[in-house]
Amino acid sequence: MKKLNIEIVDIIDTSKMYAQLSHAHSGGICVFIGTVREFTNNEEVVALEFETYQAMAIKEMQKIADEAVAKWNLNSVIIQHAVGAKKVEEPVVIVGASAAHRPECFEACRFLIDTLKERVPIWKKEMFKNKEVWVSAHP
Amino acid sequence: MKKLNIEIVDIIDTSKMYAQLSHAHSGGICVFIGTVREFTNNEEVVALEFETYQAMAIKEMQKIADEAVAKWNLNSVIIQHAVGAKKVEEPVVIVGASAAHRPECFEACRFLIDTLKERVPIWKKEMFKNKEVWVSAHP
Amino acid sequence: MNVLFFGIARDIVGTSELSISDIVKNPTVNDLKQYLISKYSNFSKLTSFAVAVNNEYAKDDVPLEQNDEIAIIPPVSGG
Amino acid sequence: MNVLFFGIARDIVGTSELSISDIVKNPTVNDLKQYLISKYSNFSKLTSFAVAVNNEYAKDDVPLEQNDEIAIIPPVSGG
């Protein structure tokens, strides 16, 4: 049985990751966690603020998980994204895949985060000391 | 300041991973966990048993971490390997890297596990119902 | 026709939901985009923006129905 | 000269530590390997095996000193 965990959450609990991804048919688990970095282009970031179009975001994340399972024969997948204000060093996204062997779980994990960033309707605002910027909005 | 965590342990506690890898200068963390798979070549595995030459293993893991930090400018690295008997779905190894951006942490994490498997003096015995096999010992 | 706005699109129109009546009859996704650009010039300054119909990305020629859930999707930036 | 054995190497010699005295004078890593193969033919059936001197992999021409920590490293299989 495949294990899938697709969620939009207020706070990402990384300690649950292993239970969500481990599987008797898996020899390898690969996880990526995106975190808030203190500096962007040498400017100090106070926080990142995330908002989402939740119903559509869940639907897109489900599609991405289904594509990955079909392509790499995964046993488990997690895709969780946080919303709200996140401070430096806090997790904002976690994606992970478990598979029989390690090449598949690495490739699948990279696909999950790259595709999430391209397609899932989530928006990030960088909060600096004196300004706020919607990331990627302008050329 | 770089954070390094290099250990041989009896039990891998995956819930500590985030605290060990998060870093104010990191935007991405990549983690690989090796787990016990139920079947090897269609034969049911009861357990894996790991032993190590601990002093040398720690030294080799430290070298691998240093090489990765130098090559990808990582902020944090963990390399932990378990010893003793491990049952299906239990974690046996965890490696992880955190860096400013995601390509570096993915590449570094893959390097950590690939190089650990090549160089670190740890030996795995597959325990089947009716036999025991030292992995990779014979051609 | 109700339209939802997120992220910078919400900032541009000043609200998260807008009821639009003064648009061409039987509008398509493209008609809605052109309507927004003509009413709010800041839409033309965005890298791009997409329209979602019933929680799916919709191409320019997709017709919009009265009961569809329609949303304006500025450049996404999750992760 | 004390030598440590791990994994299948320990199974082959039947102990985890062996004191070796009947080896050539001023032996190198290669001399030790040949000694083991001649005494325990199962070493020649392994994929390979390495020798560590003071916790570092050592090449065949490295001389072995009385106080070195010497270990036989059969093919590793961690992870």
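Order of writing sets the labels: A, B, C and D. Residues in every chain begin at 1.
Keep this in mind: a contact is a pair of C-beta atoms (placed from the backbone, for glycine too) under 8 Å apart; a residue touches a chain by one contact, two chains touch by 3 or more.
Since the model is a prediction, treat every value here as computed from it, not as a measurement.
S.K.: From subunit B, how many touching-chain steps at minimum until you land on subunit D?
M.R.: The least step count works out to 1.
S.K.: How many angstrom lie between the centres of subunit B and subunit C, each centre taken as the mean Cα position?
M.R.: Roughly 48 Å, centre to centre.
S.K.: Between subunit A and subunit B, tell me the centre distance in angstrom, where each centre is the average of that chain's C-alpha atoms.
M.R.: 22
S.K.: Which residues of subunit A are in contact with two or more other chains?
M.R.: 34, 113
S.K.: Residues of subunit D that touch two or more other chains: which are they?
M.R.: In subunit D, no residue touches two or more other chains.
S.K.: Spell out all pairs of chains that touch, sorted by label.
M.R.: Pairs of chains that touch one another: A-B, A-C, B-D.
S.K.: Would you pull the subunit A residues touching subunit B in the complex into a rising list?
M.R.: 14-15, 17-18, 21-39, 88-89, 91, 98, 100, 102, 105-106, 109-110, 113
S.K.: How about subunit D: which of its residues touch subunit B in the complex?
M.R.: For this pair, the touching residues of subunit D are 4, 6-8, 11, 45-47, 52, 55-57, 69, 71, 73-79.
S.K.: Write out the stretch or stretches of subunit B touching subunit D in their complex.
M.R.: Listed in rising order, the residues are 34, 50-53, 55-57, 59, 81, 92-93, 113, 116-125, 134-139.
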